[in-house]
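Dumping the structure here so I can ask a few things about it.
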Amino acid sequence: MFFRFFPKSFNFFELFEKQVSHAVEAACLFKAIVACGGVTEDALSRMATIEHQGDDVAHRIIDQLNKTFITPFDREDIHSLAKQLDDITDMINNIVSRLRVYGITCVDQNLVEFSLVIEQSVRAVARAIGGMQNHKHGQVVFEACVEINRLENVGDAMRDHALSELFANAKDPILVIKWKDIYQEAETVLDVCEDVAHVVDSIMVKQA
Amino acid sequence: MFFRFFPKSFNFFELFEKQVSHAVEAACLFKAIVACGGVTEDALSRMATIEHQGDDVAHRIIDQLNKTFITPFDREDIHSLAKQLDDITDMINNIVSRLRVYGITCVDQNLVEFSLVIEQSVRAVARAIGGMQNHKHGQVVFEACVEINRLENVGDAMRDHALSELFANAKDPILVIKWKDIYQEAETVLDVCEDVAHVVDSIMVKQA
Amino acid sequence: MFFRFFPKSFNFFELFEKQVSHAVEAACLFKAIVACGGVTEDALSRMATIEHQGDDVAHRIIDQLNKTFITPFDREDIHSLAKQLDDITDMINNIVSRLRVYGITCVDQNLVEFSLVIEQSVRAVARAIGGMQNHKHGQVVFEACVEINRLENVGDAMRDHALSELFANAKDPILVIKWKDIYQEAETVLDVCEDVAHVVDSIMVKQA
């Protein structure tokens, strides 16, 4: 067991689990917003709160990292994880702000589907992070990472489909600008989830 | 005093101060260009010169880093700082090129305000970098980093405001494409300044 | 000779050469597609195959890196190279997908020129990677890196020229959206080639 050797190391895992729980919250709220068809003031401010909480945890991780000499795994991996988990929440918050800024009051089916895939992927990220702490859960982590990679491919296809549809039917160029941006941002959330899976995968291999 | 222990280490601080001085120059020139309402040939070539000078310093830092065994702080932090300070100058230069490429001859008030906030933020970056060399200036560095973070939030709100306005009043989609791009690039300069603040903050914490 | 000291280290160079050969294949196919004036189903699926092969090699490099204690050069440089060589193939594949998604059946002269410069740059990347393994080839590596940097500047000028033309003659905003995206992606391929040149350069300096 790896952690026996570093009994006094700070518990980074606890903070990572906290951080990913904010990402899950953001993904769920995003799904709810999209299901309702538009952004309310209340939803916007709840999302901002989640984003701030996620930010706080990220800062605590980086602070702790800078103060800790012995870490449970490579420093740069801790740094990457904190940054990428923060990015997930940030980017979901961004999409919601964008819906607002663009005055989009009616959400299309493509974005509804994106919100479902994003929620699945972020939940898989949570399983991967949750399983990292215990070597017995290697299989759980592995399966979660495979799932995240699969969903990233699903997202690529969804974006290509959504963009093809958008450009094929485009009448209003302003709408094209708005939706192109939103679809791309939605797909990028899945890319960042995949980045997390890569880091988690690396950590597991190094400790094997 | 940290540097007593590494009396022969190359003086990276001197180069970082030089590099940030080019970023400040770029920010000031950008403010002047925007205040005049458009890009002249002369301004374009002065900006290109500043960008090349910044580039040169970045290369010297990386070269020196590759040749130096003992560095005053973590190698990856030196690398990040050199890259990010270079990015600030590059991105300001990019905005100016974009104004030219898009044939924008009349700059709007939102960009004028961005140019003021960018200048403030880059000057705060200069204070942070300048203070790093001496532990007595910890408070100066800290305050500069807080200011950079504050200005990044101001920039986010400015971009959202500018985009909302742009899309609400959009008649000409080509203009929307151009200005959306320019506002986003302007906001990204403030993001990069914030990245610098994070690295500086990390360096200070590690040395505390 | 550097490798005498690490006789048992895994042969990363072989995998890097394999990875860059996929990037060269992608660049050649892209040139052929653009020369024909549009994307066929067959070309699309051949490009996807190349991209998967490149991906596989990247994963093998990262896996090996995670399992290898002593590496021929800095771990983070190996990681960056694997990532960036993968990005070259990915991004060329992306442009081709984009041509498809945007329903572009007639390619313009600017993209033809981009495809020629991209092929030249990726071939220079291949020469740089190929030369790294043997210190006698330092001059070859150096010249390849200079060439990559030169082509990146050429690409910047090509993008600015193409965008100026696009916006000056813009009648259909939807076409502007499509081509702006494609030119920028084309230019980004050259940026990534330059990133490779920087890493290669760093590796050579550290080993000198």
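The first chain written gets the first letter, and so on, giving A, B and C; residue counts start at 1 in each chain.
FYI, a contact is a pair of C-beta atoms (placed from the backbone, for glycine too) under 8 Å apart; a residue touches a chain by one contact, two chains touch by 3 or more.
Model, not experiment: these values are computed from the prediction.
Contact topology of the protein chains: fully connected, every pair of chains touching. Shared numbers divided by all numbers used gives the overlap of an interface; between chain A and chain B this overlap falls below half, so the copies present different residues.
Once the centre of each chain is set as its mean CA position, chain A and chain B turn out to be 28 Å apart. In chain B, the residues that reach two or more other chains under the touch definition are 76, 173, 177. Of all residues in chain A, only 62-63, 66-67, 76, 97, 100-103, 173-174, 177-178 touch chain B in the complex they form. Here chain C touches chain B in the complex through residues 76, 160, 163-164, 167-168, 170, 173, 176-177, 180, 198, 202, 205-206, going by the rule given at the top.
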